[in-house]
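Both complexes below contain subunit A, partnered by subunit B and then by subunit C.
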Partner chain A sequence: MPFDATLSTEGQVATITLTGELDAAAAPAFRARIEEAAGASPERLVLMAERLSYMSSAGLRSLVFAKQKMGQAVDIYIVAAQDPVIETIRLTGFDHSVIMQEAYVG
Partner chain B sequence: MTASQARRVPAPVRRPSPGPVSGRIDSYPTHRHGDYGLRAGKPFPFGATLVPGGVNFSVFSSAATSVTLVIFEKGASQPTVEIPFPEAFRIGAVYSMTVFGLDVETVEYGYRMDGPFDPVRGHRFDPTRILMDPYARVIGGRDVWGMQPDWGDPYQHRARIAFDDFDWEDDRPLEVPTTDLVVYEAHVRGFTRHPSSGVKAPGTFAALKEKIPYLQELGINCLELMPVYEFDEFENSRTAPGTGEWLCNYWGYSTVGFFAPKAGFAATGRLGMQVDELKTLVKALHKAGIEVMLDVVFNHTAEGNEQGPYISFRGLDNKTYYMLTPEGYYFNFSGTGNTLNCNNPVVRNVVLDCLRYWAAEYHIDGFRFDLAAILGRDASGAPLSNPPLLETLAHDPVLARCKLVAEAWDAGGLYQVGSFPAYGRWAEWNGKYRDTVRRFLKGEPGQVGELATRMLGSPDLYTGRGTAASVNFVTAHDGFTLADLFAYDEKHNEANGEDNRDGANDNDSWNHGVEGPTDDPAINALRARQVRNAFVLLLTSQGIPMIVMGDEIGRTQLGNNNMYCHDNELAWLDWTLADRNADLLRFVRELVAFRAAHPVLRGSEHVSGNDADGDGLPDASFHGMAAWEPDWSPDSRVLGLLRSGSAEDRTPDVVYLALNAHWETHGFQLPQLPGGLSWHVFANTSVPAPGDVHAVGEEPRLDEQSHALVGARSALVLVGR
Partner chain C sequence: MDVLEVPGVLESLQPIADFVKEASAEAGLERREAYRLRLAVDEIATNVVLYGYERSGQTGLLRIAKNLDSERLTLCLEDTSPPYDPTAQAPPSDLSESLESRPIGGLGVFLTIQGVDDFRYEYVEGHNRNYFTVRRPAAV
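Let's look at the complex of A and B:
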């Protein structure tokens, strides 16, 4: 499935819905969405990951990029991620930079 | 196409993806090869480095006649493309080239080197081989531990590209004072691979991270990891006769790539994320106050001797990287087939670059150098009085706060304990400490004098270098575990498949009457006491104590003293021992805490014998069964050792050890304490648990202040307060 990232903003919450495989080829598109989201100065970034099937090293780095772009005060949520994605995030230690949720609880 | 035929193009042929610094003129190709844009690269840094829009490849060879970059898709057996380095891209003996438009996540690369095959002159070029970059920072091919590789693959160990952009936040090396260190030596896989470990991904960096609370509770503050550089567990692997067990290169003292972490030690190795996983572990250990020391093996490589495989160095520049005999054979000071030519200026820089990389990029706190005496030999193998490599490392600015620890001997007979060229920086594994403690505890005669010296940081060996020059240990990965040291007279290495010839024969061990496990409660009690005695000596000696994984809970290898080839439950740490030997674990924890609480045990300078703080007691004094009368006679097996100084708050810090390695109980007259202080019992190994040790600050007062009985083969630790 091709990668897709769509952004919606509601109040102080920016939501990016991710689909497909987030690898090195897809990472620039994801980062562009993050930059776009950061432009609205949200207080929270929510990544809806239910239909994200794979996350590579470059994908993980995009999460760090998001944290750095948004600033430490902005919480990043990863919602409904599939098990392989959760496992990748956890074993490499990126889980400390984000909040993992099964369903979004605002 | 030959190197000189790469076409020069007048305009960019392929626009690179936007780099962080757009508009740099060096982010555009000037040449092309097929679909790939190229540009003359930068010689430094060596290896593959991400640059705007592309990857800079740089490799050295003093004698190659042409060099070709070989690009693979991840895991493919046939190359995607082979790109010769245009002659114009060579500066000196360095071939460098930027290639644009590569998918850095999926690309693997190697080199073909053409040049003379003339072993007598040291050259072994073979352009049919694909060679790994010695600076490769990620290496594929053995991504999951023990998974059979494709032996038909012409490129077994595959260089990949690292991002090197980990989010360290505020982390940096801890710089724990050397005299405060308590080192714990562990094998990454062995620490958590046992089914009892209860972790999610056994045998990995991620799993080790889960066990950090255990290390914190133990109180150690430096984790020394046996080799984590990429190695090949299949090297020399074989099936044990009789048992059919797979024997492998479990320990990993045979490096494939010096800059890359062992992929098979990472749960994410199959995803190529071992770099992130190891860095996450280091960061978490630092948060827990635990330094990370790497056991590094620069004395040889995994390429073996003349019959060994081409992995990297042999085909890149054999004559530069290896010590060769005049006939072109490999010197074998390492006992493993070859010897890295460490004092060659080029090789020296590889070692320096490597250590700087690990210190800067992985925040590693220190390094323990395997068979480090080799690092002081010249190209012909002769020991140097002023080895450039050791001096360089000692004075390097990036490594300035790193601990440097030498295993100060080699397999060629060079033994430098106490004489390793130190430049004010190097510490040594003190093999003489190990031997003396073992002999004393066995009850051998004539050991008391040397024991006193060893316990005070071996001033005979390290005058002017301070106590932290001595890394004290009773056991190490090489040899018996501590439990086995007191349960076996002889090694039992039959399972290694070498007819019990391998492993050390001189172990100074003692089985206490029965070889191996026994139901005899008296023998088991004596063995348990001896284990505690050893911990008392180790953790109350000046110098840096090192504990081996599992000794604190009585790990056994059933008498095998050379477990290098076993990947089984005997090699792994059985976590059920923490419950079964909870008393021992408690004893060791309290001892580690006791050491931390008493600066007098950790002084950085050797003792003077003078009363510097004016409390009426010298900083160290020796005693026997009569106070102030040490018995240095050959038949003596008792020693009283009194240390006196001040704590940070200037309160008196007085610790007295009464050691009795004799087979009978002896009464010790106790030295009189200065006014207001009285003797309290911290530990007494002749008392069964839980009375064998007390928490710091809760030591009970000794009823009789002038004398104490010390049981047979026991240690008594008193504190004055």
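Let's look at the complex of A and C:
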């Protein structure tokens, strides 16, 4: 399934909804949404990942990019991720740096 | 299809993924194993495109071939970019460190090695060859 990332911003919360497969070819589209979100100086970045069916390390690098663009104080939430995506995040220790939730609790 | 040859560019990651998915289905891999194999191949193919071909200013092909026997599925990913042995790369630094404070390199190769039962590299006559092997589920 082709990758898609859509951004919505409400107050201090930027939400990006991810769909499809996030590989290195798709990562620039994700990073473009992150940059767009950073423009609103949010305090929190929420990634809705329920329909994200695949994520390579290019996706993980995009999370680092988000911290760089938005500042280290911004909390990154990953919500409703599928099991294999969760496994990749845990295996690489990124679960220590993001907040994983089954459903978004602000 | 036993062999796929595509240009060594990021747009080729999708057809390579489709090839891997098809081979995994034929081998009867479970969903989790199939996902991990696709991730392993994707990470190495990405490295070949970004660091093998693009960084060296070369163009070339990515060739993936499958070999299926009763016990194992082996995929071989081949390219003609400068020699690069992923297995010689240092593992990523402390994985429990925060996003902000650790270097990001090496994650792709780490995921590759974690994702398959055996990963092997060789350089033969101008070709990098990366072999990914997974055991097939035991016949019922």
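Criterion: the second predicted complex is superposed on the first by the 106 of 106 C-alpha atoms of A that agree within 3 Å, B and C clash if a C-alpha of one lies under 4 Å from a C-alpha of the other, contacts with A are read in each partner's own complex, and residues count from 1 in each chain.
Note that in this section contacts are C-beta pairs under 8 Å (C-beta built on N, C-alpha and C of every residue); 3 or more make two chains touch, one makes a residue touch a chain.
Bear in mind that the values here come from a model prediction, so they are computed numbers and not experimental data.
Visitor: Please tell me, clash or fit, for subunit B and subunit C sharing subunit A in the overlay.
Guide: clash
Visitor: Between subunit B (first) and subunit C (second), which does A:21 come into contact with in this model arrangement: first, second, both, or neither?
Guide: A:21 contacts subunit C only, not subunit B.
Visitor: Subunit A residues in contact: does subunit B have more, or subunit C?
Guide: Tallying touched residues of subunit A, the top partner is C.
Visitor: Tell me the contact category for A:99 with respect to subunit B and subunit C: first, second, both or neither.
Guide: neither
Visitor: Identify the partner contact of A:1: answer first if only subunit B is touched, second if only subunit C is, both if each is, neither if none is.
Guide: neither
Visitor: Let me test your reading of the model: by the given contact rule, A:40 touches which partner, first (subunit B), second (subunit C), both or neither?
Guide: Neither partner.
Visitor: Using the touch definition from the top, say if A:91 reaches subunit B (first), subunit C (second), both or neither.
Guide: After superposing on A, A:91 lies in contact with both subunit B and subunit C.
Visitor: Which listed stretch of subunit B (2-10, 92-100 or 560-568) steric-clashes with subunit C in the superposition?
Guide: None of the options clash except 92-100.
Visitor: Return the residues of subunit A at which the contacts from subunit B and from subunit C coincide.
Guide: Overlap of subunit B and subunit C footprints on subunit A: residues 23-25, 56-58, 60-61, 64, 67, 88, 91-94, 97.
Visitor: Quick one: in the complex, what on subunit A touches subunit B?
Guide: So the residues of subunit A in touch with subunit B come to 23-25, 28, 56-58, 60-61, 64, 67-68, 88, 90-94, 97.
Visitor: Residue numbers of subunit A touching subunit C in their complex, please.
Guide: Touching subunit C from subunit A are residues 21, 23-25, 54, 56-58, 60-61, 63-64, 67, 72, 83-84, 87-88, 91-94, 96-98.
Visitor: Quick check on the complex: what are the subunit B residues that touch subunit A?
Guide: 17-18, 103-106, 163, 165, 167, 201, 204, 206, 209, 266-268, 271-273, 276-277, 279-281, 283-284
Visitor: What does subunit C use to touch subunit A in their complex?
Guide: 10-11, 13-14, 17, 31-32, 35-36, 38-39, 42-43, 46, 49-50, 92, 94-100, 104, 107-108, 110-111, 114
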